[in-house]
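See the structures that follow.
Shared between the two complexes below is chain A, which has chain B as its partner in the first and chain C in the second.
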Partner chain A sequence: MIRIRVQLPAHLRTLAHVAGEITVQIDGTVTQRSVLDALEVNYPTLRGTIRDHITHRRRAFVRFFACGEDLSLESPDTPLPEPVATGREPFLVVGAIAGG
Partner chain B sequence: MNFSNEEILRYSRHLIMPEVALAGQARLKAARVLCIGAGGLGSPVALYLAAAGVGTLGIVDFDVVDSTNLQRQIIHSTADVDRPKVESAAERLHGINPYITVRTFDTQLTSDNALGIIREFDIVVDGSDNFATRYLVNDACVLEGKPYVYASVYRFEGQASVFATAGGPCYRCLYPEPPPPGMVPSCAEGGVLGVLPGLLGVIQATEAIKLVLRTGDTLAGRLLLVDALSMRFSELKLSRSPDCPVCGDHPTVHELIDYEEFCGVRGEEHDDGLSVPEIGPAELKRLLDSGEDLLLLDVREPHEREIVHIGGHFIPLGDLPERIHELNSAHQIVAYCKSGVRSARAVEFLRSAGFRRVRNLRGGINAWAELVDPSLPRY
Partner chain C sequence: MPWRVAEKRFAFSAACPLGHHYRSLRGCEMSSVRVLVGTHKGAFVLTSDGKRDKWDVSGPHFGGWEVYHLKGSPVDPDRIYASQTTGWFGQIIQRSNDGGKSWEPVDNKFAYEGTPGTHTWYDGTPHPWEFKRVWHLEPSLKDPDVVYAGAEDAALFRSADGGKSWDELAGLREHNTGPRWQPGAGGLCLHTIILDPSDPNRIFIAISAAGAFRTTDGGKSWTPINKGLVSDFMPEPTAEIGHCVHHVAMHPSRPGVLFMQKHWDVMRSDDAGDNWHEVSGNLPSDFGFVVDIHAHHPETIYVVPIKSDSEHVPPDGKLRVYRSRTGGNEWEALTRGLPQENCYVNVLRDAMSVDTLDKCGIYFGTTGGQVYVSADEGDNWKPIVQNLPAVLSVEVQTLS
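On to the complex of A and B.
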């Protein structure tokens, strides 16, 4: 089992009742899909907020980053960068906010 | 461009920097920068651009100053409450720098007027507070070829970038579609640390000045994330999307559209977009006074209930799914929150769970305090 660090935007942390960075345990290849699957199992209230309920496709107002790079358009089954897969760097879920 | 002796003295700390110097200060004086909104972000943006000597500063805002603005909108003062924001801002800016021109637009930016207003400026700085205006500003900037200096804030977190530069991404490349109404709370609903828009607004002002001076590396192609709680700044790479409907290889948006329809609401701050049964504060008061068997349901957070409450059962919205068994679906229920947005989601949830006699208190406890019991504080 590998411990993956995940950072969520503030409103999703509120929804998941968590503060700060969270971790999820992954068994096997670390991909966007495996991380998000684990995230939704651990925090069911996040279902439908990051990915569509039915299609499981990333929602258009959310993006995925890691190591400074935008991974949003990568296949959900592409292995995440090694620093994320080894827990050195977090997987970032970034969402649109509009406050001013 | 000529500067008076007073102006030379005023801008001396710029003039002695080789990156600015007289030529750069002349560029600033000739520049025309438009600030969308004179709020949390717009306040520091306008204050610093005025102080820096940006010759023509435009401000668009249709709102009036409210007491709740003063915690962060530092361009306005207590005496300005109820004054139009553009009037209050212009007065302050002239006080800081009488050598600039301030153009005020006491109107809402709309699809009808946006291109005409933006066309008269070189750079647009967005300090708006809702998704519809952000997409409107983005599309207008792309169509008019004006750099769009972006920032947004929520609680302790902010984002900043520069969009719509030649070859760079636009806001739609980052977020092609807005969140559904109610999914991402506004600052009015979720709060914002007062200094955070100051932090992000100063970044926007910095980027606008660099664009005018044509110096340094702007945030074009980069998204800056600011977490004030940990005081961490992260930088993420952004690229122009070839599929972007506005700036992509085959754009499909050639004119401004109906952005309220695009975002599904009349602005996130004003409405939750949900259509659920409602009751007004006066009608609720009448029912309570008549002894109606009715359960009030407070769905706010514990720290909000400490500020003010009007009784009733207390279940924060996020806990409602696991505590729904505490409610009787046969009862008449009126859910309330601060302004009626979260309680509308609670009503929607309860109705989907089979509750038929549940309504939302329109305008929340703030409307109750305003219309029924003025002894209660609003927040």
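On to the complex of A and C.
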């Protein structure tokens, strides 16, 4: 079991009633899908807010970052970078910047 | 002592020692009102005693999120449902069991039944049905755990467990005209839900820009009720569907009489929507969004004329509520206390409501962030708050 660090945007922290960085435990390969699955099990109010309930597609204005890389367009089943999978770096869920 | 909804007088009138006619003696006790305001950046709860003079303001609840609508249960007013949404994180439904002091998210999974297919896009091409948000929440008249949700893209959902799960009443979206429904400027939204107090199986809904529909079997099957509507922007102005209905109102004592603010035209039906006729009369503009009905006089109705669909501001920069005491056609401007120069706000479709106190209170909110109250049926107005985010919805609870 690996403890994965996750950082959520402010609105989702409020919704999940958490402050700061959180962790989820993953058993097996650490991917976007396994992290989000664990996140939604631990924090059911986040279901539907990061990815679609049914299709599990990432919501259009949500992006995923880790280790300085934008991973948003990666397959959800691609293993996350080793520093994330070992808990040294966080997996970032980011609300896209919009407006002007 | 828990709050109770002040009982409406249209049902069981009884004499009151003060000479008023109330449904029960309890109605003579000091009442209070709670105004639920949804805005572009959160929800606010405004409370006052029955004088409606001094107000407490709480909020923002769900700060930074669009709150399209909040509404309390008529049988348990401390049970309130709220629709919270953003383009970033989608739809959340919040529920309060203590009159809006605390909230808990309930289920936000709004899944269309089966394979939803397509409706018609702005350019006339087929477009997949996609859930975007809940525009309106309508709690049951009988059961606080039953609540209906009107969605964009247009569909009606129902929860029987206080919002913990939602099921689509798919007969509406699967109506044979559904593939021809087109969005209005605000989207293909189901924004009006009216439950008939005399018949639990009869529900009226309205969709921009498909029109109004009625079910008499609890939502299994639906009939378009748009006969008499004329929409010149359509290739066939009197078509069965395609009308941009902005809002519909019904007085609970007369469920067969409906009033409608269409895109253009204020309309009236005396046969539960089978036929409509125009009652715009002497309004300075018959474009607008809101329409509502006096709590005790079902022939007294209110609208807020807006200049045009291209400008969305009050005519002449004057914010005027118009009242008809004759069920339409003859209108009087209500201006006392409202800005009569340089006012360029809009009043959106769910942003007017009435209380049921003896002297009926009228409330509306603007895109400029003001919420106005009239404690005397519209004769005089004053702002409750002036600097909220743009107001999307206003609902009033009369408490005793």
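Basically, the second predicted complex is superposed on the first by the 95 of 100 C-alpha atoms of A that agree within 3 Å, B and C clash if a C-alpha of one lies under 4 Å from a C-alpha of the other, contacts with A are read in each partner's own complex, and residues count from 1 in each chain.
Rule of thumb we're sticking to: a residue touches a chain if its C-beta (ideal position, glycine included) is under 8 Å from a C-beta of that chain, and two chains touch if they have at least 3 such contacts.
For clarity, every value in this text was computed on a predicted model and none was experimentally measured.
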| item | value |
| --- | --- |
| Partner chain(s) touched by A:65 [first = chain B, second = chain C, both, neither] | first |
| Partner chain(s) touched by A:47 [first = chain B, second = chain C, both, neither] | second |
| Which of chain B and chain C A:33 touches, first, second, both or neither | neither |
| Contacts of A:56 with chain B and chain C, given as first, second, both or neither | neither |
| Chain A residues touched by each partner, larger count belonging to chain B or chain C | B |
| Which of chain B and chain C A:92 touches, first, second, both or neither | first |
| Contacts on chain A seen with chain B and repeated with chain C across the two complexes | 9, 11, 15, 45, 49, 59-61, 95-96, 98 |
| Residues on chain B engaged by chain A in the complex (per definition of touch) | 37, 39-42, 126-131, 134, 151-157, 159, 174-179, 183-187, 190, 192, 197, 223, 225, 230, 234-239, 268, 318, 321 |
| For the chain C and chain A complex, residues of the former touching the latter | 64-65, 86-92, 105, 108-109, 111 |
| Chain B contact footprint on chain A (complex, rising order) | 9-11, 14-15, 17, 20, 45, 49, 59-61, 63, 65, 68-70, 92, 94-100 |
| Touching residues (chain side chain A, partner chain C) in the complex | 9, 11-12, 15, 45, 47-50, 53-54, 59-62, 95-96, 98 |
